[in-house]
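Have a look at these structures, which come just after this line.
The same subunit A turns up in both complexes below, where it pairs with subunit B and then with subunit C.
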Partner chain A sequence: REKQLVEYFRAQMRKDPDMASAVAAIRTLLEFLKRDKGETILGLRESLKWATDCLTGEDSSVAVSSGGELFLRFISLTSLEHQDLSRCKKVMEERGELFLEKISMSRTKVAKLCHTFIKDGAKILTHSYSRVVLRVLEKAAAEKKRFSVYVTESQPDSAGRQMAEALRKLNVPVTVVLDAAVGYVLEKVDLVIVGAEGVVESGGIINKIGTYQMAVCSKAHNKPFYVVAESFKFVRLYPLNQQDVPDKFKYKADTLKTVQNLSEEHPMIDYTPPSLITLLFTDLGVLTPSAVSDELIKLYL
Partner chain B sequence: MPGPDKETDLTERIEAFLFDLNRGGSGAGPLRGSAETARETTALLRRITAQARWSSAGDLMEIIRNEGRRMTAAQPSETTVGNMIRRVLKIIREEYARSRGSSEEADQQESLHKLLTSGGVSDENFRQPFAALKPNVIEAINELLTELEGTTDNIAMQALEHIHSNEVIMTIGRSRTVEAFLKDAARKRKFHVIVAECAPFCQGHEMATSLSKAGIETTVITDAAIFAVMSRVNKVIIGTQTVLANGGLRAVNGTHTLALAAKHHSTPLIVCAPMFKLSPQVRRLSFLSDFYRYCEILSKVNVHCPVFDYVPPELITLFISNIGGHAPSYIYRLMSELYHPEDHEL
Partner chain C sequence: MADAGEPEGPERKDDIVKAKQEGKELTKEEKQRLRKEKKQQKKSKEKKDDKPSRDSEKEKKPASAASPAPQTPTQPPAQKAPSAAPAPVPVPASETPSAADKPAKSKAELKAERRARQEAERASKGKKGDVGPQAAPGKPKAPPSELQPVVKRLPEHVQVDNPEVLKKLAKKLERQQTPEYNAATKVKIPLRSDYGYKVSLFSHLHQYSRKAPLTQQLGIPSTVIHPAIVRLGLQYSQGIVAGSNARSVALLHAFKQVIRDYTTPPNEELSRDLVNRLKPYISFLNQCRPLSASMGNAIKYIKKEISNIPSQCKEEEAKRKLLNCIDCYINEKIVLAAKAIAKYSIEKISDGDVILVYGCSSLVNHILCEAFEKNRKFRVIVVDSRPRLEGREALRRLVQKGINCTYVLISAVSYILPEVSKVFLGAHALLANGYVMSRVGTSQIALVAKAFNVPVLVCCETYKFCERVQTDSFVSNELDDPDDLIVTRTGTTQLEHWQEVPSLGLLNLVYDVTPPDFVDLVITDLGMIPCTSVPVVLRVKNVDQ
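Let's look at the complex of A and B:
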């Protein structure tokens, strides 16, 4: 059963490489819900928790974990309204489809909000490969704005080069810079836009390693630091420093399974505190970091 | 016939208001404070509600939105007009929801919770006509007008908590709100005020004259002396033209300098701003292009005369409004209570 689940998840990711991993996870869980033969709501919740654990075992990113938790919350809220299981399941399936539809529109909403902040002639710095940032820049280019982009290489997987390729296809002048050159290039730059793998309760973000560095440098240079993220990435974590981020997010899933001594491994993500972030662009609107915890409270309490 | 007469009367009034707004901006017409503009806008909107032809809430909102767009286009720098229109739109939505009997007024905001639990297409198209809607909306607008009338007094009432005896307060330019604030504190406390003159219009001079008539010891300084004098100042109290959604300000030119000097000396910066100045706009990297007015005195010299400054939220300590004191990080919350997200773009 586990293999089926993981296979479905992988197939979803392969089918649409543009889809966020959290969306693929939620789609998988919805499919799992449809095929589930359980008799009680409690049993359903248990099996869904087990399914989410399987998925995080496959892809340990924060986004998958937050997507799974959101789905679980969705189930709890719906099950409170309908006591009868079969009726409940029908409602869940309907709402699940609706939910998926809505969140597939979220990137477009974010792009619509953010592109107005990119003025003609702007020089933008971004980090690694983010599909949301790409969508924002696509929209700005479609609005006939002229801007140029600096992308960090983002080792160890050189994801920045992928981003540069994608931007070249849009005819946007792009320069790939070393991760170490962020401080050097910031004086030329007008604004910094990054994506996020997770948005934590304090309003800070968890993103590819190197984001924190970029944020500290932009603060020092007084450049605005914008984050673009969809709302399903909001996660109930409250790290106070880098060490507080759980190990299960810091390293890739395979690394966690195979390696004994994690202190020899390089973390793949870091935490950027809210004091360094100017604004967050989400499908719920333009938020200041202090507004994020409000949104999470509305959902979870 | 009463019908067409009322309509022409209404259109005349709207045209007159737009004309005044337009002139006021270029300096030719009567210079009105933002409180008057807010009051006049709200009164005009009440008149539109009472006299224009509409059958459902959706129609009324369309009419108000159209008129609103024309009004904001007439004078883009006067943001109170747009703010009042958005307040009235929110009032209409609330009254409509109340007439329909739905208890969830808070349900209107986008949120993660709403994403998960909404059962279907939540498109409210506001088409259902209700007989009681018109008087309800007019009553709510009247309440809004009463609130507007009391704002300066409500703010001034809080003065005694913030100003203590023998303090040195600094302010810049002329703000009616700050004037009332300081005069109210002067009834019971003795303190000293330093006013930066705020060239080139030098409104600071009028402020100083008015304050000294109320018996407050006042000193006028040039804008260049702000940093030098700041070390002796206990508090900085300023007014503003607009409060932006991120907690920043659009205030008279020179305010950013004042704020930076205050930050450097760790002097608290208090902004007295009534709620109708809160605007859902966020400051973009505007390169200050919307803030400028050009004056050409010689043929080869261009004089840039910015009217407004942007002050980022990190430099502000406290906002005092008619509903109490707030931190800049709380402004987003007040915004969500005053305006509906769909009205942010008129």
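Let's look at the complex of A and C:
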């Protein structure tokens, strides 16, 4: 059963490489719900939790775990109304489809909100490969705005080069810079836009390693630091500093399974505190970091 | 409302007042006559009073913020305040319909009325106390919000240097007596007087001496105040019961005793009479030691529960219900909340941590003991400060459990902070703008911790959240006995005769206010929230209720 689940998840990711991993996870969970032969609501919830754990074992990003948790919450808000299990399941499936539809639109909503902040002639700095940032820049280019982009190379996987390729296809002038050159390049730049793998309760973000120093440098240069993220990335973590982020998010899933001594591995993500972030663009609207907690309270409590 | 009304005033006004009390509708003419008379009285009163009080109040008004909700003794005057504001304000509104009704008014009269209006508005901004009793007997019906923003009143307890406010308070305490069957045994609640020279920045606050407890001024037997409350007041004023959780729990237990001993007098309803009985007790306790935010919330809850008792309910059952409610409150809001907070906090304590705590917070001690029982390896640094030296109590409790502790005074905090990995602080109250009100010295520790990039965690139960807003520690605080600062070392007592030196003042502050930028995380029984989300929690709680 586990293999089937993971296979389906991988197939979803392959089918649409543009889709967020959390969306693929939620689609997988919905399929799992449809095929589940459980008899009780409690059993259903338990098996959904187990499925989410499997998926985080496959792809350890924060977004998958937050997406799974949100799906569970969204579903279980209905579970108390109907007596009959099959009717309940039907309602759950409908709600699941609705949820999925809503979040597939979220990137477009974010792009619509953010592109107005990119003025004509702007120079933008971004970090690594983020599909949401790409969508925002696509929208801005479609609105006939002229801007140029600096992308960091983002080692160890050189994801920044991928981003540069995608931007060249849009005919946007792009320069790839070293991760170490962020402080050097910031004086030329007007604004910084990054994506996020997870948005935490304090309003800070978890993103590819290198984001934190970019945020610190932009604060020192007084440049606005914008984050674009969909709402399903909101997660119930509250890290106090870099060490407080749980290990299961810091490293890739395969690394966690194979390597014994984690202190020799380099973490793939870092935490940026809310004091360094100017604004967050989400499908719930444009939020300040302190408003994120309010939204989370609404979503979860 | 029983009012110390105006002794002067034309007869017609008395008739109108009587008619109002009988519940009859005043005719338009009578209302106009009332308003005119009020304006005349205001004008004459204003000429009598001195200017300095008005000026000092004007200065204080921009400095202060909204009146605190838990200050129940100030509620009767606070209720008069919105009536004071509407009194002069709707006059212009009502002038126009009255002018339309009576076109026969001469220009001179209109001019006089306009002048009187302006005087009245100026007067209302200056003297809130005097306009109150005048406005009460004939409130105009027009709402003030359409014409002028509601004038917020300063609470009484921060107007100690205004003699009119003190007179009003004395009169109110006289009035707050539980009526006994034998009128001759009426005893009034004594007014505590201030002690010693007050530093000018804090002259608007009370400063009492511990050597002169309020109970010395009460006669024996004191039939007005229940003995459990007298005992409680003494315990508060002598500092025997200290710490906001301890004070709230002691208060609730004393109220339970009061409810047990209560009998409904004939022709009275329990729900209304009991609330009136509690009012003088609360004034008395406030005189012994100013109420804390947690106590204020507890009192609000009890009053709500009492007034929700249905009138058909029999006395025994009602009393049982109330006692049950109080027990539930203590259990939910204090005991279980502590358990929930401990559960969340343990996630934040990792092995090898060095935790800094300040003073003695029952909640923080509880958390550390729980974490130690769950086999987390950490050590604690206890920071202490004079004159209370509460850290010693915390040190005693932690060492008893076997936790590895270090003890320093607050002057060494910047020396010790590079070793520290986390700071845990307790709170007295959390204000609606995210500021943390806690024992004096807390904001200093938070500031230094921020400078060293050490995360600061505040632990606070949700029943301590209050709707007040405050941005500095001056506006509303508590001044403790200045004699506490006198210390005898090696046979000499330096400050013994401090009162004889005219330019010397001793300041013993109890609370201070920490801005939310210095606090990284607040752990409450609802979960971990950033400091700025306190108003959201308040909103959610109000919706629940």
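Annotations
In the analysis below, the second predicted complex is superposed on the first by the 300 of 301 C-alpha atoms of A that agree within 3 Å, B and C clash if a C-alpha of one lies under 4 Å from a C-alpha of the other, contacts with A are read in each partner's own complex, and residues count from 1 in each chain.
As a working rule, a residue touches a chain if its C-beta (ideal position, glycine included) is under 8 Å from a C-beta of that chain, and two chains touch if they have at least 3 such contacts.
No experiment lies behind these values; they were computed from the predicted model shown.
In the superposition on chain A, contact of A:Asp190 is made with subunit B only, not with subunit C.
In the overlay built on the shared chain, the residue A:Glu201 is in contact with subunit C alone; subunit B does not reach it. Touched residues of subunit A, counted separately for subunit B and subunit C, are more numerous for B.
When the two structures are aligned on the shared chain, A:Glu265 is found in touch with neither subunit B nor subunit C. After overlaying the two complexes on the shared chain, residue contacts for A:Arg73 are found with subunit B alone; subunit C is out of touch.
Applying the stated contact rule after C-alpha superposition, one finds that A:Ser290 touches each of subunit B and subunit C.
Of the two partner chains placed around the shared chain by superposition, subunit B is the only one that A:Phe234 touches, whereas subunit C remains out of contact.
In the superposition on chain A, A:Lys102 makes contact with subunit B only, not with subunit C. Comparing the two interfaces of subunit A, the one with subunit B and the one with subunit C have residues 290, 294 in common. Listing the residues of subunit A that touch subunit C in their complex gives 201-203, 238, 240-241, 244, 274-275, 290, 293-294, 297, 301. Subunit A contributes residues 70, 73-74, 77-78, 91, 94-95, 98-99, 102-103, 116-117, 119, 122, 190-191, 224, 231-232, 234, 278-279, 283-288, 290-291, 294-296, 298-299 to its touches with subunit B in the complex.
In the complex of the two chains, the subunit C residues touching subunit A come out as 348, 422, 455, 457, 517, 520-521, 526-530, 532-533, 536-537, 540. Residues 110-113, 115-120, 245-247, 282, 284-287, 313, 329-333, 341 of subunit B are the ones touching subunit A in the complex.
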